[in-house]
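Both complexes below contain chain A, partnered by chain B and then by chain C.
Entry: the complex of A and B
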């Protein structure tokens, strides 16, 4: 039964007015500007861009302000905005080997061409609250040394030369796009990577952690983790050649995984891959672990029933906008549905009580 | 257009696209008369990555882009595709692209493109220098077999 009802308009308007007031907070405290969020809450901005699947730091910062710091709500705003944009083109695949690296570390090789570059990392901080930040002020400028920007080769390239690690053969296949066609299972690796890179960081992190604890173990080492700027090149149809139209900050993680060999593959190291918008290190590492766990079938490994190996489980639950939409819809009016439930329970109770009385 | 000319044009279009919009506006405050062939339009480009950095492409996510095309009074046509949603930036970049195909190119190169290129190079070098200062120098303290 469908019952149309009206009402609540005034209540909704007033609720939104109050929301705006609460968002602003105490007016005696200076208002946050979008530029301040973009510059000083950069990792939150990065997360909103990665999960919103749209690289635009100003819009992500605006979304964070509008959402009062609720990052999933901010991702929702970005996702809604991106649906209004015409799609001009797809870029050429970015060349992460040519990345201008801010950070580049390897857990597998101490001495490697290009070196271990720590970059602006939280690692090696003591995680003690820094009360100096309570006071406003400029930090001392970070030291620099004269350096020539030059490309830093990928670690997996060295291993590949000896045939010790599986190859990632070049291809120009057009990848499927889950923003254009509904995701279909089984998904190929390209579709899985798209779903994971825009998936919820917490969900991907927990899945990756579960593989480390034994639910679909993949014995991963971080072969390389790099963060930096990469040029985005697009074929300009009116010109017939490609132009670099901008730069995006990316985090890339390549895992090197122990592999004894299987029915179909010789013993060699295998690989998991993570690539995420912005400085998003935790997400990139987690992505590469989950990517590797999902590859059990093509590598001829056993399915152990682990959640991280289960493509349907991972891909259908990774999107926090789908998840929050379905989860939160149950708070919206279900008066008629519930009325029906109520009727049913009353009837069943009456029948049960009547039977009880008859028995006595 | 020959490949060499195309390479030049690729270079300046990329430089203009990556330039900070405010800096480009400061270097090129006044625009000559032009007709809009395509008014500045905001859209998205799907950025692709490669599996394992070298393998098959996959869709990483979109980025905002503004494009614009103009024609100058003397007939030169300029195009711009620039990252972000700044319509004035796209328009200015398209006009400079058109002007670079006219006899004014030498002057523009000196007054607009060269400073932008130098500033971009400097910013990149400063960042690379900060990264280089965080490069680890390992030194061996005691080797196990010596102990």
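Entry: the complex of A and C
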């Protein structure tokens, strides 16, 4: 009798070769270039950058190509790569008030300094399949006017002037780094925001949705949503001043939340905050709702047992790379544990059946 | 051949130093779960990333590495991890327990007794033995601090009340030097006695959960039990059908659709070694060459 305990190594090599072939698909169809993915699948690229915690559209596009479009697999490739990169500096805090906005909307004021800018949005499209896209061709150029550079102040700033919204004082505290230190609970807000911004979009979306339906209700209005480029500056110790090293595209969402006051806080609006790499509007809004729900303790609210209020539940389950790894590991061999369980169930059954027989 | 694009054993030296500090702390406080800043590895969480990081932090070029999964050297994940270190560290590998200086394992302790100088690295999915009794980390850490293990004893007692015995067959909780209750990783309870007073260093790595813990050599490790229900290491009541061993942990293999089955050693190196010495089990036959 021969038992197939050998052959794993060759099976793995062959499986990988087959995977490479499948990834390419039908060779009579032209191969997708990384540049095509970067330019035409930009929102997928943004998601991979956000959840991969690495701002590099080319690498994100490459990861999407390599992962056959499986975005969580692509995020994984990016994470595994970024962890090997040296860190030579930390940037200064980016100035989102100085963002060159492509899109900036407020749901709380009809008009405001800086104006409402719709930008490239799906919002008012009719979701009808556009069969014209089956054919290749350039879209008609969009009408444009030259940008008038003007400051685009934050909406929450207007409310803050009247004391209607909680103050968010400037802090020089160095935030903890989730990627370099083990997560210790309870976490402060900076650490929570880090975990949520790289958390799975679907998970954060569902948690945010649950707060809207009453599981930890926070009554959110989108005070402001803005998308655009911000400068990234790094302090160079030898020079004694900060130098701009590049630009990143960010989506920022600030919610204004109804608040009737609590034992410790006066009635005023409160804040939820979302900041995500790229144009990632759904994620940024969801993030700000979850952020607000998690702030129940500092605002003196009650813990209602809602999942979105539960810091440990949210932070320990938001990361899709951890989640998918652990979920999928159950397809690995478990012969040994299963054998131990088999023996136990057999033994328990034999005893139960013997008891039954004795009773009869 | 070593992959030149990466540091020796993949991790950068600062990361290795951080992991080594966690290991040293773990060795100083046996059974205590030390938080560490686990890195993303190029294999998924849940597939041994904790063990891989511990192995990477301990490996030196002179090491001879063995990797087993479920006792076997040739299961897919063991092959993958062994290849990873052969590629990134260029260390020698072996399938022989006695030749290895470092062994990374998932769910088994080799049958051949470990020796002084060897390091056994366990892959751990859920390092917290109290996790399924209390899901909150903030709570379980407090329970360990206060040595508050009543909940665990109640669980074991309830098992006895309901089933007449402790119905835990793997990941059976242990107490280390009379202090910390520890999860021995999902090894079958058959392996639990091997943990105690081992001459080798035993290290446990949980990557996703960011924890490392350790048993220094000659640490006393007791499986939790009651005086009137003492711990018993169990295995299938058979001998190995290939090498006739009566004292090794066995895997059950289904061989037809008529209920036929055979039992073989889960430790493939142990089984092959016995067969090489001429031990023949009930269903032993020479291996067909073509199967290689």
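Just so it is clear, the second predicted complex is superposed on the first by the 351 of 360 C-alpha atoms of A that agree within 3 Å, B and C clash if a C-alpha of one lies under 4 Å from a C-alpha of the other, contacts with A are read in each partner's own complex, and residues count from 1 in each chain.
As a working rule, a contact is a pair of C-beta atoms (placed from the backbone, for glycine too) under 8 Å apart; a residue touches a chain by one contact, two chains touch by 3 or more.
Values in this document were obtained by computation on a predicted structure and should not be read as measured data.
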When chain B and chain C are modelled together on chain A, clash or fit: fit
Touching partner for A:86 - first (chain B), second (chain C), both, neither: both
First, second, both or neither for A:342, with chain B first and chain C second: second
First, second, both or neither for A:108, with chain B first and chain C second: neither
Which of chain B and chain C A:156 touches, first, second, both or neither: first
Which superposed partner A:184 touches (first chain B, second chain C, both, neither): second
Which of chain B and chain C A:175 touches, first, second, both or neither: first
Partner with the higher number of touched chain A residues, chain C or chain B: B
First (chain B), second (chain C), both or neither touched by A:206: neither
First, second, both or neither for A:247, with chain B first and chain C second: first
Three-chain overlay, closest Cα atoms of chain B and chain C, distance in Å: 12
On chain A, the residue positions that both chain B and chain C contact, one per complex: 82, 86, 179
Residue ranges of chain C touching chain A (in the complex, touch as defined): 6, 10, 12, 35-42, 44-47, 49, 69-72, 74-80, 83, 106-108, 125, 136-138, 163-165, 167, 169-171, 186-190, 208, 210, 234-236, 241-242, 249-253, 255, 262, 264, 266, 268, 283-285, 287-288, 291-292
Of chain A, residues touching chain C in the complex: 1-9, 11-12, 76, 79-80, 82-84, 86, 179-186, 312, 316, 321-322, 324-329, 332-337, 339-344, 347-348, 351
Chain A-facing residues of chain B, complex: 6, 9-10, 13-14, 17-18, 41-65, 67, 69, 79, 81-85, 124-136, 138
Chain B contact footprint on chain A (complex, rising order): 49-50, 53-56, 58-59, 82, 85-94, 96-97, 100-103, 110-111, 115-120, 142-149, 154, 156, 168-179, 189-191, 193-194, 197-198, 231-232, 234, 236, 238-239, 241-248, 250, 252, 254, 271, 273, 275, 277
